[in-house]
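Given below, in the form of structure tokens, are the structures.
Look for chain A in each of the two complexes below; its partner is chain B in the first and chain C in the second.
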Partner chain A sequence: MVDRIPILKMGQYLLLSIQVDMHDQLAIDLQEDLTEQIVRHKAKGVLIDISSLEIVDSFIGRMLAHIANVSRILDAKVIVVGMQPAVAITLVELGLSLEGIATALNVEKGMRWLERTVDRDMSLEPESDDDTDISAEAGN
Partner chain B sequence: MSSPILASLLQQHEPEVLANWVAAQRAAGIRADLIDEQTVQANSQELLRGFAAALAQGSDSLEAPQWKPVKMLLDRLSQVQSRQGFSPSETATFVFSLKEPLFTLLQKHAENPLEHIWTTTQLIDKLGLYSMESYMTGRETVIREQQESMLELSTPVVELWRGVLAIPLIGSLDSNRTQIVMEALLQKIVETESDIAIIDITGVPTVDTMVAQHLLKTVTAAKLMGAKCIISGIRPQIAATIVHLGVELGDVVTKSSLADAFRLALRELDVRLVANTNTIR
Partner chain C sequence: MTTTQTFPLKQETDIVVVRQQVRKAAEQARLGLVSQTKIVTAASEIARNALIYGGGGECRIEQQMRDGRTAVCLIISDQGPGIEDLDKAMVDGYTSGNGLGLGLSGARRLVDDFVIRSEPGNGTVVELWKWR
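Now for the complex of A and B:
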């Protein structure tokens, strides 16, 4: 049994990869850990890789939404990457479309999106070119 | 009830009955293009032997175990015939034409022919009906197989560009098929890591609430995985229906044609196609 899901710090981003079946206590611990780490490291972005997650229930779905909301308040962008088709179908059937959470197909694309979004936020001059990413739009 | 007389008569006069039966079948018309005389002869002989063996053990009920070989034989023959393209009456004639030789036999040799003819005709009718049932089962199997293979063939996911998938839907959509489409598309998105998927419904004649709902679910699921969906080729009637039904398409992007959707997809990917003006046309 895994006690904690490791949260890795990479520059100004936090990475976490869910590779075990999530049970409820694990999810609650993860929420607490993540909020604490975002504040401690002043993280600008959080990337959640769920490509190994094969089973999902409404609790996990809500937990993802919750993490996203908390992170947003703490000024960190959240992106969920690598969701499996079966998981996506289940979430849709459950009516959890994760409104407001950005998604990407894999870690690479997710990381690129994070960098771009955070860079845009950090730059002082307003940028004129409309350089949006499709996966980011998909999450809106 | 059973006819031990018929059983013993059959054993004595088997070649004669067989010859008469084949002759009767020939008179009714044998499909020479589908089956040859020898096969007819062999099938008839096999069935006749089974029939006589079952009769010898007594019992008119086809449920009895001794009829099992005969039923299996009929199953096999009827299903093969339904696949080969025999008509139902041609299949039934095979069994029913056995009546004539049997009645002749009974009339010639039995003491009380009418009674035996009655039990025999009942028996043959049952066998005939049974062979019809097998024939229909064979047909249904063929239809089901075709449906399945159509289902597989009808949901190709094609890659238009690196990162752009398209799924052209043709024919009416039901929940079952939409489910398969959905899974195929999502699976392909994962495999090819495509950012954009175009669902083209030019070939879909009608859309009802269920189908619209399924399409929306597909779009949402793709969105969750990090891909964007564009729906293209909505016909005027379908657009009217969707609005009339009050289906909320939300922020799903729709384009009038696959070409327009593709152009949008390329723009999203920051790809520009430039016509080569130097070439002399």
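Now for the complex of A and C:
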């Protein structure tokens, strides 16, 4: 059995593709690896491709929600891409809404969303050397 | 024609094996893709409960006929402490641990028939049915 999900770094983004049926410990390890790498690489965005996943149960759903929460605190955007329709239908019926997690149909769309969202965020950031002008932060 | 197979639930990785075997059985019963996904997901939830709360158990996978339709029937059992208040445990959001409390209630929604028997001190048995 696979004992690690590889995480790729591309510029300011981290990419990972879950291609195996994960047992619970593997999901927990992934969660920890990813957190550590976001910090180490000062990543601005994370793209998680789950197009190969044939099911998402409450455990994996909770892992995805956890990753989204931790990333938010670390100021990285997360997007989950490629969820199969049968998986989406099943998740809703299971009662797991995954609300608060951004999703996109495929890797390309997800990447574009990340770039747009991260760019917009950067342009809203106050200049580091002035004493933060509230009106500038609130957008013009 | 009935075929029966039994798989142990002793460690986390057994849940993965059960998911794969249930998928196979659902394919053999020629369930649609959404039905397959639902019964596999339900099995994953109930198997994890048997492992975590029941201290381990087993999963029996059968192909059956039910009202003239081909069905997959799963019997997931453990000899753990059992569930004191079944009604409470079946409510969305109820958990005695740190889960979301969606396993039992969600699994019931995902299958065509759901039977649970549990007595304090006598373990828990859950039957999950999905047919074509």
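Observations on the structure shown:
Simple rule for what comes next: the second predicted complex is superposed on the first by the 123 of 140 C-alpha atoms of A that agree within 3 Å, B and C clash if a C-alpha of one lies under 4 Å from a C-alpha of the other, contacts with A are read in each partner's own complex, and residues count from 1 in each chain.
Rule of thumb we're sticking to: a residue touches a chain if its C-beta (ideal position, glycine included) is under 8 Å from a C-beta of that chain, and two chains touch if they have at least 3 such contacts.
Not measured: the values here are computed from a predicted model.
Applying the stated contact rule after C-alpha superposition, one finds that A:Met83 touches chain B and leaves chain C untouched. Of the two partner chains placed around the shared chain by superposition, neither chain B nor chain C is touched by A:Ser52. By the touch criterion stated above, A:Thr103 is placed in contact with chain B alone, chain C being left untouched. In the superposed pair of complexes, A:Glu93 makes contact with chain B and with chain C alike. In the superposition on chain A, contact of A:Gln19 is made with neither chain B nor chain C. By the touch criterion stated above, A:Asn69 is placed in contact with neither chain B nor chain C. Annotation: chain A residues 84, 87, 89, 93 touch chain B in one complex and chain C in the other. Chain C makes touch with chain A in their complex at residues 12-13, 15-16, 19-20, 23, 33-34, 36-38, 40-41, 44-45, 48, 92, 99-100, 102-103, 105-107, 109-110.
Residues 182-183, 186-187, 189-190, 193-196, 217, 220-228, 251, 268-269 of chain B touch chain A in their complex. Residues of chain A touching chain B in their complex: 80-85, 87-89, 91-93, 97-98, 103-106, 109-110, 134-135, 137-140. Touching chain C in their complex are the following residues of chain A: 1, 21-25, 54-59, 61-62, 84, 86-87, 89-90, 93-96.
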